[in-house]
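Which chain is which? They are A, B and C, in the order written, and residues in each are numbered from 1.
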């Protein structure tokens, strides 16, 4: 039995509209008749709503309707007073988002200042950031990453959609491992690249050691 | 000044979508630019949504979106409650994670309250916690530990990755007024078989006890 | 946004100021650390951060620290350490290169490049903050359904709770555990002295045989839950009565084991009995 694509579209439309939170394809599949082409339905629906007052977007891998960004001026009553993040917290959040998984020491190395107690706490409490795991290095430091709530808040489908992330990576600015031989005496006593294994293993630590040994 | 009818339509669409309750024409007029033909916009919008998964309807003189009546079957399916761990369950889980293998009596000793039967059941049912073995002490009480699903959910590679005292302090959870000698146990500290016996096959000791108690 | 120094907003003014050494409106609180100051200074050079002139930067930074110290005497140590290091790096960059570089010390150019790289990294993160702010933010620019219908579609295998919540749950309990003290209250006993005094006072009324339980004070547990137990009243009264018997002012008798004990004031002196 084939399912009318228009019917699939209508069902998805109704479900997403009624739901209180974004729905994944799997969530939708559970409700729709078997055999419905959900991916196609979502694509059709997104095209249909393009440029309308409400739009279909993907956030954190799930789908939701939201009002068009250019109509924000209308929403004076719906707007909630946002909890303002301090400058330090914003910077920390950006570093975690772009460098994750990242340890506290690495955050501090980028900022050049010690993270004050409250900064990470606020982000953890707001649920924008979570502890992800531990780095496999001596001391096994805890690593931090962003949550789905972060993606939902900023309307991002995936982490690859972070603004400018591709350019930054291409420029080598997202590597936590500085080029070998790094030895700027840091006032804070933090030397990234010395005790850190590279995150993705794209720069072999042996090389850095050999280089140091030669001099 | 004339206002683009399409723009009016988009504004109404967004406002009705984001509003917490149905809006009257007067409500809409307050938010829209002056001179917008709201009646016409509503009519256009209603026509546009005719036959879709959601429809624009007028109820008691106010306008709202609702899901199409023929799709009601989608909405009435079984409602799955979001699984939010109760505070008691969350706390019990934390104790099992850090103190495993741990007996029910030991959990109660830390919590200072009797573990209600439901609390452990929920954790067992969610597959976060399992019975590990039996303590080699009088009464041979059953011990509990966490499962692989637990590690998966919290993104931990091994139990050794659970945040320890240092991270708790760094996260601002431990204050200075803790009594000396406060320590968090090493979850890997005890291996099964050291002072506990593995459970025999399909033994279900909790059940047996409960049955005896009930009779 | 603070009203602090914003070189990107006003390049020309900042640049001109940089020339005559008045680069910064001194605002120590506006800068979180030496790197943030360096970045602000570097931006005013209007060049690619990686091509930056470290000697010029060092000069400006030293001037900044000089001036900042005038404004705030207790300038943070980090600022001064960075100043010293920059002065050192600048001198090494300016001095002719030794023929054989000292071991353990990377070339000055490399150190300068590393600093430039760090500044570029910090700069890109600050730009990322701005870029994130320009995203359509939920509840600021875009809005979800104001009145979702009652159906909640949430998969039951998903449950809420992250590591932070787990740690918090653990610590709150351990703290509670430490706050809990077991302080057993020693049982209140009816003092023997009180029992003796009371019994002595009762002597004139005890001409006839009276049961011990009739003589002992009645249970006052209702009014005073922490007070002595009825058993304690009885026991102390018995002990006191035995003392009074020994003194010869009271007679006691019991027909058989475990039966009632009767007390009566002794009328004949003890010597007569003997």
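Brief remarks on what is shown
Throughout what follows, contacts are C-beta pairs under 8 Å (C-beta built on N, C-alpha and C of every residue); 3 or more make two chains touch, one makes a residue touch a chain.
These figures come from a predicted structure and were not determined experimentally.
Using the mean of the Cα atoms as each chain's centre, the chain most removed from chain B is C. For the interfaces B-C and A-C, the C-beta contact count is higher for A-C. Spacing of chain A relative to chain B, judged by their CA centroids, is 21 angstrom. Inter-chain centre distance (chain B to chain C, centres taken as mean C-alpha positions): 28 Å. One inter-chain figure worth recording: chain A and chain C are separated by 31 Å, centre to centre, where each centre is the mean of the chain's CA atoms.
With touch defined as above, residues shared between interfaces to two or more other chains in chain B number as follows: 14, 17-20, 67, 75, 77, 155-156, 163, 167, 171.
In chain C, the residues that reach two or more other chains under the touch definition are 143-146, 149, 151-155, 162-164.
Every residue of chain B that touches chain A in the complex is listed here, in rising order: 9-15, 17-20, 31-32, 52-54, 65, 67-68, 71, 74-75, 77, 155-157, 160-161, 163, 167, 170-172.
Residues of chain A that touch chain C in their complex: 15, 17-21, 23, 26-27, 30-31, 64-69, 72, 75, 78-80, 82, 87-88, 90-91, 93-95, 97-98, 110-113, 124-125, 127, 130-131, 147, 152-156, 162-164, 168, 171, 173, 178-179, 181-185, 187-188, 215. Residues 143-147, 149-178, 180 of chain C are the ones that touch chain B when the two sit in their complex.
Of all residues in chain C, only 2, 32-36, 77-79, 81-82, 85, 103-106, 110-111, 114-115, 117-118, 120-122, 124-129, 131-146, 148-149, 151-155, 162-164 touch chain A in the complex they form.
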